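There are two complexes below, and they share chain A, which is joined by chain B in the first and by chain C in the second.
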Partner chain A sequence: MRPPRTAQRRGAEGLHRYRFILFRPLQFLPVLLGISVITFFLVRLIPGDPARILLGTRATPTAIANIRAQYGLDEPYLVQYFFFLKNLGAGEMGRSTLFKIDVLRLIATRIEPTLALVLAGVVLALLIAVPSAALSARRQGGAADHAVRVLSTAGLGFPSFWLGAMLILLFSVKLDWLPVSGYGTNLGDKLVHLVLPGLTIALSLSAVLTRSLRAGMIAGLGSDIATAARARGMPENVVFWRHVVPNALVPTVNLLAVNIGWLIGGTVVVESVFAVPGLGQLMVRGIFSRDYMVVQGVALTFACATVLINFIADIVTVALDPRVEL
Partner chain B sequence: MTAPLAIAGLSVAFRHNGEERRLLDDVALTLNRGEILGLVGESGSGKSLLCRTVMGLLPSAKLQVTAGSIRLDGEDILAGDRFADIRGRRIGMIFQNPTSHLDPVMRIGQQISEGLMRHKGLGAQAARAEATDLLAQVGFADPPRAFESFAHQFSGGMRQRAMIAIALACDPEILIADEPTTALDVTIQAQILRLLMDLRIERGLSMILITHDLGVVAQTCDRIAVMQGGRIVETGEKRALLAAPQHGYTRQLIASHPSVGAAGAHVAVDREGAPLIRVENLEVRFPVGGGFLRKGQALRAVKDVSLSVWAGETVGIVGESGSGKSTLARTILGLTPATSGDVLFEGASLAKDRGATLRRLRSDAAMVFQDPFNSLNPRMTIGATLAEVLKTQGETPPDRIAARIGELLDMVGLERSFAGRKPRSLSGGQCQRAGIARALAVNPRVIIADECVAALDVTIQAQIIDLFRALTATGKLTLIFIAHDLAIVRNLCERVVVMHHGEIVEDGPSTRIFARPERPYTAALIAAIPDIDPDRPLNGGTPTHIQQELAP
Partner chain C sequence: MTAALAPRHRLLRRPMLLAGLGLLGAFVVLAVFAPLIAPYDPIWQDSAARLVPPSAAHPFGTDNFGRDVFSRVIWGARVDLQMAVIGVVFPFLIGTAIGTVAGFFGGWIDALFMRVIDVVLAFPFLVLMLSIITILGPGLGSFYIAMALVGWVSYARLIRAQILVLKTQDFAVAAASLGFSRGRIMFRHLLPNALAGSLVFVMSDTVLVLLNGAAISYLGLGVQPPVAEWGIMVAEGQGFITQAWWITLFPGLAIVTLAFGFSLTGDALADLFGVQE
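And now, the complex of A and B:
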């Protein structure tokens, strides 16, 4: 038996499991560098010249050449990439050819609706998934279980542009409860505008989460952990919420993180359907006008967000499961 | 005075799609106040199911009580479905595998105090104080630290102690212990059994101890009930039952106990010539931990081990879990690479000429694994598994393969029709026989058996041991038999090698080592074997402090 230790030492022992927070970000650098290469060259593979699209079909060759020179588009790609990285190091992402302003500032003004949308989607998804998985797992084989399973399978199948359109049709057009599209100006207004797009995201996300949670909860209810808790006289509710759910949440957190990454890409569609002025919409406009700087900037922002979310998921996993050391 | 627990005419059946199968059949059992009742029987005999029924914890909705009563202090608990008041508060339960029964994401202390808060209505602070006190009672040196710990930070024995503390939290009158020491090493088993006996006296507990090991029963219990096929076939006072068993199955169980059989006659081995296998200064390290920017550490599983095995020997390698015995065996066969040192097989060096030596090892040595089910391909019939080995080896002509499979099955005592069956349809003992047949298929000169009887019931264990004894009796087969169970090794092996923390601490003839161990560690291991003779108590009979106090 080891010698006794003080309470202070115990706290330090708990904290050392979080050491990875210090060194893990170093691993992000090569990942982000790789992403910058991919986005930079992919954008330039799209046919079409940004200067020509900006100036229209009747632009003179001189005008086009001027624009190209102004934005550095006449340089070889490798040189352009070098300047892109150099600017990035200085905290700049270049100027948008379409909006004529700094890309970083452009992203800063558009990031809030996207963040709010993703957050609303995740919160709503959890509000749907946890109770329906619990209902389903605790009455396995019952009517509620079948309903949840059918709906979650359906939720996986419906594309979000269709689901969004149906929700608009029902809640905005027929019932006139919620606004059709757009994004409000004050907090209350913004929340009202977020309900339908948030729900669109939540419906497909909750389908994935429900299935994982349900499977984890069913396994948990039959596990030795639950048997032991019942054997010491814990009522079924306590067994479920205190022992089964925390154990079922651990794998779901990682699934959620993977899906949020996918979700960020999904906002491109949802923002277009609901005309939310966020990053997804900006990305679409950037692509159509060959606004290289904007597309690069937004893609890099999305990539950073995905990396960051997985990092947060790692922290949450360590917090939820004392066995995990990273 | 009524007995605290009286079971009468209890039947439990499995019902599914109109089909009904009786798993417990007219069981009658009484637990007297303050006694330890040993419930013995083999896997599938219904002993765990019986205790689950008493707790109202039937593992499936398809299982139903069809008849009988369970009376707790004269009150039928089945009639009123009063399990909610009984579990934890009046009957506590501990399980075979503390690792899977403790909640991994909840602190040990909280798992104890949740019962205290619920059943005794204590506040968080009071529950914490009492839980800490309980942890001290079950033998934790630093109870506040244990309170804050998680299950994975404990060793197996400490986890079982924590499990016991949880079960005792609300002062139950009855404790049901379902194979509480089966997953533990012998020395830890002795500690846990001692703890249970002490707690029985301190708290006046009545206890049902489920076990497959008659030695454990002989050492701890007052009375014994023997179960077979869902029925209680014999009940009686411990000494009377062990001395004069009435039922045939009880007699068979007693005869199968490894501490009963005398060491068999061994073949004379010529140790003058060169050894068959020579292990020289073997060192095996495994990297542990480490990451992207951190340097990992090395776990030294085998430390500078040297060992010679001569042809025809039966060598038992014993030690507790983590002692390096399996790693040593795997390294000898080239399944795990050595970090340094060498293994010589008939002079061929694994370190210098790995390819050629491995080829010789593959055709002259074979391994039998611990888990008979998982080491056989579930999709192949036993015949196909054996045919695959024979074809790969290439020494048996194709037209002889079928006949050879028949011979192999004869050798391990399986009917020839087993060639057409898949592992799923075999029992554990039959699977292990098939595994041995596969090892014999290459006509090996050496068999390394790694804990190959640990997962089997005692009567099956005895059969497999007899099989090995018959195979080695000819003197042509060399056997390296790895086990944590010293009684089996004493029974089978002529020579014993004791390993501890990756090192060989003792090596010699088993008769000498079991009679006069030279090292204290070996002596402690031997003393911890629960003997089937109740008058030869655990640990050479040193009484506990409580027994000393109670002595007249």
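And now, the complex of A and C:
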């Protein structure tokens, strides 16, 4: 006979579903190794003397000798790669030739604006996408549905750099409500500066999310769960918000994770439009000023962040949907 | 209904496909006949007519060098259309070949390519492209190379998944039992059946490539001035946004319209082939 399902047993089963949290990081190892190989070659493939590339053109002979020893630049690539890993393990990502400080410290100061921008973008996108998708799905074929479908299809093709410029034109130049660019010093000031860049990201992202949410909601409205809830006499509004919307949100979390690379790439452009001093702007400046260690460091940081965010999305999916096993 | 009329009727019953193809066709015409349609030379500078607002003589106004924005937008269709198409073709070909081989042979070849794909996907798309452009130096050629190196992964994954399913089906087994070569089975039997899904994806991917190419040019790392390209035009206009909004507005609208054409066509094709996106 099957044992009765006690609360305790359910709890143990529940934890069982989270076992992947222990094993998944092991699967990341080959990916992280691959990321390190690519970022290693990023700087090594640039034509010219690597020591000069790492130090800039006005390096002293002693500095060049030191960097040759530290990175094993006279050794074969394989040995150089191990030097690179060793330095990385010691938290040594080289020095910025432009800012004259350690790349790791430089990156640390630039994480906050980028993180805030991504969060603002995601939150605003959900605030736009959930109501639009609801409006569209509940009156399928109606005028609002058509409007939402056309806008979300068109929204896929809005270049963020242009959208940002248009928002500046409207809200900063014409209406004079919000600052044109930059990033504040205190919390309130920062939030004010984040509105337009956040909205730029959100408008593009919400086009993607709305399409997925709408499809999920329409499927949910016709599902057995919804029919059963209606049969129990549950009002349509409650059916929709309690049963349909949460189920439609699960694939959206995954969609967000899949798009995180695209989202981070978007911050590179949007930070340049609004002069937000984040990682993306740092990378672009690094490319222009041939500050290769900075480019390498930012690429490495972005790649690791993407892996981490996908992992978090897996955990959230398992938490949201009891049927998912990973 | 006669057989000859059937396709046209089917097309007419699909307004989305018609609208999408119509938009794309219009841009192709603009690109091909740019010298005939554009009223001015796109890089000719009229120092007497700087920052002129939209008027009959200059429908989209002029920029800070006195260049006609309308003509530049039309000439831009050449560069941006070319960027979107070439930027998709190479990833499509490379990804399809790799996906077919990986899915068909399986084993260590498959495992190897899958790990490479995992690593490429770990990088944010634009970040990896910018990294490659860092090595190669700015320019349109670098953009195409970076696109080919990064963009193939989506196609490889799509095709591989299809091939994995198809190679166990009766027609594939039958072809193998007839003694056909692996190459023939892969490219003559399996691949044609696997292509529908990625052809739909090509359309939505073209939108992304167009936006990426324009964004990279906006950042100053792609197409270089004075070439008329929509991304650069937005970047150049942004400095004058307080005085001359038209320099920025119109090239952006051109990108949005062209992208809309590709999106519509993609959605309609997905409908037509019964492909889930």
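Operating definition for what follows: the second predicted complex is superposed on the first by the 283 of 326 C-alpha atoms of A that agree within 3 Å, B and C clash if a C-alpha of one lies under 4 Å from a C-alpha of the other, contacts with A are read in each partner's own complex, and residues count from 1 in each chain.
Operating definition for what follows: a contact is a pair of C-beta atoms (placed from the backbone, for glycine too) under 8 Å apart; a residue touches a chain by one contact, two chains touch by 3 or more.
For clarity, every value in this text was computed on a predicted model and none was experimentally measured.
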First (chain B), second (chain C), both or neither touched by A:229: first
After superposition on the shared chain, which partner residues are touched by A:323: those of chain B (first), chain C (second), both, or neither? first
Give the label of whichever partner, chain B or chain C, reaches more residues of chain A. C
Can A:287 be said to touch chain B (first), chain C (second), both, or neither? second
Could you look at A:306 and tell me whether it touches chain B, chain C, both or neither (first, second, both, neither)? second
Pick out the shared contact residues on chain A: the ones touching chain B in one complex and chain C in the other. none
Using the touch definition from the top, list the residues of chain A that touch chain B in their complex. 1-2, 4-5, 7, 10, 20, 23, 26-27, 222-225, 227-235, 238, 242-243, 246-247, 250, 320-323, 326
For chain A, which residues count as touching chain C in their complex? 30-31, 34-35, 37-39, 42, 45-46, 153-154, 156-163, 165-166, 168-169, 173, 260-266, 268-269, 272-273, 283-284, 286-288, 292, 295, 298-299, 302-303, 306-307
Using the touch definition from the top, list the residues of chain C that touch chain A in their complex. 115-116, 118-119, 121-128, 130-131, 133-135, 204, 207-208, 210-211, 214-215, 218-221, 231, 234-235, 237-238, 241-242, 245, 248-249, 251-252, 255-256, 258-260, 262-264, 267
If we count contacts the way the header does, which residues on chain B are in touch with chain A in the complex? 55, 57, 59, 84, 86-89, 92-93, 95, 97, 100-106, 114-115, 118-119, 141-142, 144-145, 148, 150, 152, 163, 166-167, 169-170, 291-293
